[in-house]
Structures are given as structure tokens and as C-alpha cells.
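First chain A sits with chain B, and in the next complex the same chain sits with chain C.
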Partner chain A sequence: MTLLEIHRLSLDLEVDGELRRIIHDVTLELDDGEAVGLVGESGAGKSMTSRAVIRLLPRGARLGGEVEFDGRSVPAMDARALRAYRSRDVAMIFQDARSHINPVRTIGAFLTEALVERGERKADAVTVVSELLETVGIHDVPHRLRQYPHELSGGMLQRVMIAAALAIRPRLLLADEPTTALDVTTQAEVMAHLDRQRRGRGLAMLFVTHDLELAAAVCDRIAVIYAGCLVEECPASTVHDRVLHPYTAGLLASRPSATRRAARLAAIPGRPQAAYEIAPGCPFVARCPYVVDLCRTTRPPLRLIGASRVACHRAEELAGQLSVGRFSGEERARA
Partner chain B sequence: MALVRVVLERLAELVLTLLVASVAIYGALYLAPGNPATLLAGGHITPSVLREIERQLHLNEPFFVRYWDWLDGILHGNLGKSFVYRESVTSLLASRVLNSVYLVSYSAVVIIVGGVALGLAAALRRRLGVAITAGTSVGLATPSFVAAIMLITLFAVNLKWFPAYGTGSGFAGQLRHLTLPAVALALSWLAYTAQLTKAAVREELGKDQVETAQSRGIRPRHVVTRHVLRNALIPITTVSGITVAGLVAGDVVVEQAFGINGLGSFLVQATLQKDFASMQAVALILVAAFVVVNGIVDVAGLFLDPRLREPAV
Partner chain C sequence: MATAAAIAEIAAPVRRRRHIDPVIVGASVLIGALVVVALLAPWISPYDPNSANILATNQGVSAAHWLGTDPSGRDVLSRLIWGARLSLLGPALIILIATTLGTVLAIASAWIGGLFDQVVSRVMDILFAFPGLVLAMVAVAMFGSGPIAPVVALSIAYTPYITRILRSASLRERNLPYISACYVGGVPARSICSRHLLPNIFPLLLTQAALSFGSALVTLAAVSYLGLGVQPPTATWGLMVATGQTAILAGHPGASIASGILIIVTVVAFNLLGDRLANRHAVQGL
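Right, the complex of A and B next:
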């Protein structure tokens, strides 16, 4: 059953008095209990897409298209409905827990705030969050509840944030790079907790990350976003064998691999482009090694190919040929 | 634990500051021109009479002996004897201290309540913010003696809402009499506190914890009280402390302007009459008040900001 439906989402932000396009066109669906990884480079609009779902946007933002949660339009909600939606249906896990948790209030106050705010008894809320802290591997709970954020490590704070998100018993988790700010060993541990709790509770999740491999490991489907456009959406299981968009292939090639030996790590040529910079054609045209004239003039629509959706004119043609090597240093040197 | 430590540290600092201040105050007046003995004797006196007076008052003793006598007296609750009033300074001050305490407290309440309220309104309501910023900029530039004259002209002479002079009797009477002086004393500090509050609240509004609270469906009212104002209180309290400590000094001008018989106007009279003992005592009390207020602010900071409670590494 479809839980979240993002249809032709666009977003403009006011920068220095003029509107700037941040998201061009994102269409995405999430089923109940399904995890979708939203992958892209910095500034691609992935974070803003997740924020649009909870309508947590900067002042002066203009939203186009539709976001429906369980059949209800999020952009159309009034203040009261929006608060109810945020406090019961959807929970956001932010990247930087240290700045997102109020430094002058206790961990206990942070964890129970949302529950008490929606009318639950304080004592009940404490019971709920205490159990949750244990399940995400935080012990000595009564002591922790009385501590302040600066007394906890980054990894612990992020687990507190996850517990706070789970506490409201949401149906959808929005995780905005939840482990990016942590060191590598802590990352794995925190991610494992998040993944286990999400699967155990059957929650849907929109997982925003720049790490395609990580997304493929914890999500059911992957949506790749470039310069504010959704360019490819595919089952997580096919990411390694069969990607259809040159950009996705480029992302895969630029990850170090344990099996492939390379003198130099591959990079996608050029620099990431912002949504407002791109021309009418394909957003990836400036950096794509497979460009033809059509790409420069016409923006490719999302097309269904097998179990994937892809926005590339040459998708069928290139299927199977998109090699990791095309982006790697050795091959370009040879050409 | 940290709390006890800080309170003890502050107490030690208070004692040390007062000790240093007492040397400075006593030393400054020791070096000041004018001999209390001549003042006391008045008119023509023979050198032998002068020496006799000096001997009685121990004026012929070396500086540190005299300073020690003075300090010893203070430690035993004896602030010395006024040559002008021929009365002990302690009893002269007793009736005046309260007037000043009332005035400064009243003013502090006006500053903190008014400044924080205006600053918060300015930060949360953009249009209102512009007006408040303009108004407080004028207030900031108005010295208390100018404010005093304007307030007296408008509210005491023209509108006759408040008395222009004296301290009144009974709680209501005192409140009425002290309103104009308190406002005059508060005005520029109130403006300062309002601008600082506005800046602090604006800064907190942009912080991530506010975004988190909003994403969890917390009511705007609670977001402001728990995640904006609560955090902004840290800088607001620090500055309010400095402000209130500064009132102790500003008090001198306003007491003169409104004819309030308090410490400030007493200090002015004592200075004009070269009443050394009284000057020393008042100066020492003002320093003590300043240090005590700062100490209270430091302790309040510990309650407001848990990060300060960590022992320094």
C-alpha cells in the first residue's frame, strides 16, 4: 500500500531576493514498511526533498507538485494538521545530533518532549523512551536521562535521536545523512541500530545519503537525484549489476572497491551542478561521456525499463554497456 | 558540587576584590588634598591645636597603621565617624541605604522585564522589530540625567502623574515616588537589554534545535519558551548582571536629579564637604554591591547553562 507519494515535486528558494530552483522534478513513491535511499551529491536537492515531506523548509520556500501522506496532501495541511502529522506520523533524524538536540535541556527532556506535547503522561513517556534507549544500546538509562547532550558522545547522541524518532511510533522515518557526522566505526554501529529497529517495526524510511553502497545495503529501492532531478530509481538489489543512468554508473565507479584494483580512484569529470544552473536538456549533459545531440535539447522523461525507472534518452541502448571503467582513470588515459 | 565550588570561589573573589578596593579607596583619599583636622577646627588655629587634633584622630600615624585601624573598624561593623555630621557613618548610612536599594531594584526589574519583553517582541515580529530597534536606539543614546529632566517635565510638571521629588512613605507611596527615577535610571540600559535580547533570540531562532522542535510538531509557543528564550537567557543574564551592577554607579546622578536621600546623593554631599569617612564607606559599599551582583550572575549562569558545570580541564 502506498504510504507516501511525491508527485512532480519542485521547490524554489528565495536567495538574495530572487527565486532559485532547488528541485526540478522529483516523483517518488514509498510503500508502507519500505525503505528508499535518496542518493546524490551535495546540493543535488536530496535533503530538501526529504524536508519537503515534513514541510520543514526555509522561509519563503515555494513548493510545487504534490506530496501525499496516506492520501492526505502535506502542502495543503493547516498549522494544526501539520503539527499532528509531524508529532504522530513522521519523524526526522537529522545529520548533526549535537546541534539538533538542545544543549541546555536534559536527554530525558528531549526524548519525552514530543510525547508529552501530544498529551501523553510524563511517567508513561519516560517508560517508553527508557525501553527505547536500551534497544539502541544505551545502558544506565536513568542516569542518561538526567545527563545533558555535552556529556554524551556523538554516536550516543545520534542513537538518542533515533530513539526520539521511534518514540512517537511514526509510520515513516526521514533520515537525513544520519551517520555522516560520525567516525567510521561509530557509523556502522549507529546504522546497524537504525536498520534493525526500522525493520523490526516495519517502518517506512526515506534515507538521504551520498553513499550509494550504504543506501543499497539498508534500503529496498534506490532513487538517484542529480541537480534537482530524479534520474534513476531501481531496486537496491540491482544497483551493482545493472544500472541504467550514466550518472549512477559514475557514482558507483567513484567508490573504492575491495575487488578491483585501480591506480587512482575514478571521479566523474566536471563538478556537481546546482538545480538552477542546468540548461533545458538533460541535467547531466555537461558531465556525461555518452552525450548525443538529443541530450542537449530535450530533458529526458522518467521511463519504466524493467523494474527501474530512468531518465536517459539512451537507456535501452546503453543497457549493459555502462561500465565502471568508462569513468576510471586508466580508460580515460587510454582514450 | 561544581555549584558549591563556584560559590566559594566567588566569595573568595569578593573578599579579595574588597580588600584591594579598600586599599585603593583609602589610599586615594589619603593622597587627596585637604586636611580633615583643619576642616574640623575651622578658621584660625594654632599649630599646637592642630597637632593635638591630629593626635586625637591618629592623623599623625603612618598610612598603613591608619588603614589598618580603619579596616579593623569596618570588620567590627564600624564604618568610622563623620567629621561633618559628628555622627557614626554606620547610622548615617542606615537610613539611606534602603532608598538606594529600592531604587536600584525597581530599576533592575524595569530593565529586565521591559528589556527582555521588548527584545523578544522585536525578534519575533519583524515589523514591530523595526520600530522597537529605532526606539531603543534613541533610548540607548539618552543619558540618565537627560531622561530625568524629560520625565520630570512631562510626567511630573505637565501631566502631574508622578511626584518629581522625594521618596514618599508606605509601599505605594514609595513606588509612586520612585517610578520616575527608576525609569530615568533604567532607560538606556533597558534599550541596551532589549537590543541584546533581540540579537540573542534571533541567533537562537536560527539554531538547529529549533528546527528539531518544529519537526516534532511542538507548538510555536513552546518552541519559543523551551528552545529559543531558554537558550537566549544565558547571554541575557550575563549582560543583565553587568547592567544592574552599572546601575549602582548610575544611581548617583539620578538620586541627585530627583532629590532622593540615598547613597548616591549622600556620596555627592560627602565629597563636596570633604567628609572622608563617609566617602570611603559609600565607595566601599558600591564596590561590594558591584561584586555581589556579578557573583549572583555567575551562579545564575551555572543554573542556566549545564555546560558550565563541568569542571574545567
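Right, the complex of A and C next:
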């Protein structure tokens, strides 16, 4: 059953009095209990997409298209419906837990607030969050509940944040780079807790990250976003074998490998482009090694190919030929 | 070579002592003592503050009258003790009203923004144009002298100072991520303001209240000195400076000096307290 449906989402922000396009066209569906990884470079619009789902947008933002949660339109909700939606149906896990938790209130107050706010008894709320803290691997819970955010480490705080998100028993988790601010070992641990809890509870999750590997490991499907456009969406299981968009191939080529030796780490030529910079054609045209004339003039629509959806004119033609080597250092040196 | 014991000693977690600022302690103790004295006035004052004795006017320091007597022969120490009541209660009321009003206005305008914020800010700008003393004098002219009119007028005069500083602090806080996190958690605006925003601007509020208290005390004393506030024979420090000044030329400055010094000491205590509180919380924007 479709839980979240994002249809032709677009977003404009007002910058210095003029509208700037942040998201062009994102169409995405999430089923109940399904995890989708939203992957892209910095500024591609992935965070903004997740924020649009919960309507946490800067002032003056203009939203186009439709976001439907369980058949209800999110942009059309009034204040009361929005509050109910935010406090019961969705929960967000932010990247920087330290700045998203009120520094002058205790961990216990932070965790129980949402529950108490919707009418549960304080004592019950404490029991619920204590159990949750245990399950995300925090020991000495009664002591932790009395501590303040500055007394906890970053990894610990992020686990507190995850517990807070789970506490309201949502149906959808929005995870906005939940482990990016943590160091690598803590990252793995926190991610393992998040993944286990999500699967155990059958929650749907929109997982925003720039780490394609990580997304492939914890998600069912991967959606790749570039300059505010969704360029490819595919099952996580096929992401390593069969990608259809040159950008996804480029992303895969640019990760360091433990087994392959390369003199130089491959990179996609050029620089990431902001959504408002791109021309009417394909957003990736300036950096794509497979570009043809059609790409410059017409924006490719999303097309279904096998189990994937891809926005590339040459997808069928290039299927299976998108090589990692096209982006590698030696290749470019020869060209 | 370092022994295991020595290493253990070095590595043992040092229990960090909370740094106590002696100035904050000193100022608080002084202020606390004044409040206690004011509360206990009926029991600790040696004489009735209003009983005049024309046979013992303008006396110097003696065993019977520790701080001497004023031109009407009233005991200066007793009058100082009783005077502490209204001299402290007045500014306390002013600060209570001004900070309550100022905080509510500040948070509301930072939160609501737009036209409401504009209107509040402009009204505050207009109020800034009137010095507290002038406003108090106008109020007395309109509503008559006595303790109430100056207190109300000064409360209004001090509100803009609190509002302006707390508004900018609230604006800064409301754009911080933890507030959006509350938003997203579905916490109603009322709770976000009272339970999240207010505690975060509280150090600034406290500092501002302490600093304004000193200033309000002086202004209210000035109002009393001019004879516009509390009327004689009720004792307040400001009034005592005024009644004592006739004796200064006669060579008996005791009454005026004693009450003047008390005003200065109290104000300095409040200013130091406010100043150190600001340092302690590294409050910005002051």
C-alpha cells in the first residue's frame, strides 16, 4: 500500500527578492514499511525534498506538485491537521543532533515531551522512552534521562534522537543524513541500531544521504537526485550491477575501493550544479560523457525500464555499457 | 620514573569545582540582607520611625541613636530600616511588571513577526523617547502623587529596554534548529515559547532585570526626592535625602549622607550582580 506519494514536487525559495528553484521535479512513492534512499550531492535538493514531506520549509518557500501521506495532501493541511500529522505519523531524525536538542533541558524532558504533549501520562512516557533508550544501546538509562545534552557524546545524542523519533510510534521516518556528523565507527553502530529498529517495527523510511553504499545497504530502493531532478530510481539490490543513468554510474565510480588499485580516485568532471543553474535540457548535460544533441534541448522524462525508472534519453542504448572506467582518472588523462 | 600510584593520581578524574564568583555572592548577600532587614523592620528597628522628638534634633552618632537623628528628631537608623521596605518594593514591582510585559511582548513579536512585530517595535521606539523620570512626573501630574502613579509610569518606561534586548535574543533562538525540531515534533507554539525559548533567553532576562533594578531604584528615589512619590512622613531613602538636606547647611549632614550612601551601595550591588551574571552566562548582545 502506498504510504507516501510525492508527485512532481517542485520548490522555489526566495533569495534576495527573486525566486530560485531548488527542486525541479521529484516523483517518488513509498510503500508501508519500505525504505527508500534519497542519494545526491550537496545541494541537489535531497534534504529539501525530505523537509517538504514534513512541511519544514524556510519562510517564503513555494511548493509545487503534490505530497500525499496515506491519501491526505500534506500541503493542504491546516495547522491542526499538520500538528497531528507531525506528532503522530512522521518523525524526523536530523543530521546534527546537538543543535536539534534544546541545550537547557534534560534528555528526559526532550524524549517525553512529544508523548506528554499528546496527552500521555508522564510516568508512562518515561517508561516508554526508557525502554527505547535501552534498545538503541544506551545504558544507565535513569542517569541519562537526568543529564543535559552537553554531557552526552555525539553518537549518544544521535541515538537519543532516534529514540525520540521512535517514541511517537510514527509510520514514516525521515532520516536526514543521520550519521554524517559522526565518526566512522560510531556511524556504523548508530546506523545498525536505526536499521534494526526500523525493520523490527516495519516503519517506512526516507533516508537522505550522499553515501550510495550506505543507502544500498539499508534501503529497499534508491532514488538518485541531481540538481533538483530525480534522475534514477532503482531497487537497491541492482545498484551495483545495473545502473541506467550516467550520473549514478559516475557516483559509483567515484567511491574508493578496498580491492581495486587506482592511482587516482575517479571523479565526475565539472562541479555539482545547483538546481537554478541548469538549462532546459538534461540537468546532467554539462558533465555527462555520453551527451548527444537531444540531451541539450529536451529534458528527458522518467521512464520505466525493467524495475527501474530513469530519466535519460539513451538509457536503453547505454544499458550495460555504462562503465565505471569512463569516469576514471586514466580515461580522462587519455582524452 | 613515574610509579603506578603517581600515574593513577594524575589520571584520576578531577572533580571540577563549580567556579563561584565572589562578586555575585557578595552582591547577593548584601541584597538578601537588605530584603531581610526590610521584612523584619517592625522587630529590629530601635525606634518608631515616625516619632519626632524636638528635644533631640540633628544629633550625631551616639549610643542611643547609632546613626543620629534627623531635623525632626527622628532616629535615622530606624527610618533607614523602615525606608528599605518601600525603597525596595517600588523597584521590585517596576521590574516585575516591566520584565513580565517585556518578555511576553518580546517573545510574541519574535514569534509572530510581520506586522505585529513592526507595531510593537515602533511603539517601543516611541517609548524610548521619554526618559523614565519625565514619564513619572507626567503620571504624577495626571493621577496625583503617591506610590502608585510613579511605579506604573516607570514600569512602562522600563518595558522597552527589556523588550528590545529580549526580542533580538528570541529572534536568534527561534531560528535555531532545536526550535524547528520542536515544530516537527508537533509541539504547539505556546509550549515551544514557554518551555524552550524562554529558558534559553532566561540568563539574559535575569541580567537585564538586575541591571534595570539598580536604575529603577535610583529613578524612584529621585521621584521621592522631588516629593512626587511617597509622601512624608512615610520613610523612603529618596525622601530622607530630601528632608535631611535642610540640616546639611547647619552642619548636620548625617541623615542625607546615610540614606544617600545606602542608595549608592544598593544600586552598585545590583549593577555588579547584573554585570557578573552577564559575564557568567557569556551573554551576547549587551
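In this section, the second predicted complex is superposed on the first by the 335 of 335 C-alpha atoms of A that agree within 3 Å, B and C clash if a C-alpha of one lies under 4 Å from a C-alpha of the other, contacts with A are read in each partner's own complex, and residues count from 1 in each chain.
Note that a residue touches a chain if its C-beta (ideal position, glycine included) is under 8 Å from a C-beta of that chain, and two chains touch if they have at least 3 such contacts.
Computed from a predicted structure; not experimentally measured.
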{"item": "Clash or fit, chain B versus chain C on superposed chain A", "value": "clash"}
{"item": "Touched partner set for A:54, first chain B, second chain C, both or neither", "value": "both"}
{"item": "Partner chain in contact with A:69 - chain B first, chain C second, else both or neither", "value": "neither"}
{"item": "Contacts of A:226 with chain B and chain C, given as first, second, both or neither", "value": "neither"}
{"item": "First, second, both or neither for A:87, with chain B first and chain C second", "value": "both"}
{"item": "Partner chain in contact with A:207 - chain B first, chain C second, else both or neither", "value": "neither"}
{"item": "First (chain B), second (chain C), both or neither touched by A:284", "value": "neither"}
{"item": "Contacts of A:114 with chain B and chain C, given as first, second, both or neither", "value": "both"}
{"item": "Chain A residues contacted in one complex by chain B, in the other by chain C", "value": "54, 56, 83-88, 91-92, 94, 96, 99-105, 113-114, 117-118, 164, 168"}
{"item": "Chain B contact footprint on chain A (complex, rising order)", "value": "54, 56, 82-88, 91-92, 94, 96, 99-105, 113-114, 117-118, 148, 150-151, 164, 168"}
{"item": "Complex interface listing, chain A residues touching chain C", "value": "54, 56, 83-88, 91-92, 94, 96, 99-105, 113-114, 117-118, 164, 168"}
{"item": "Residues of chain B touching chain A in the complex", "value": "207-209, 211-219, 222, 226-227, 230-231, 234, 304-307, 310"}
{"item": "Chain C to chain A touching residues, read off their complex", "value": "176-178, 180-188, 191, 195-196, 199-200, 202"}
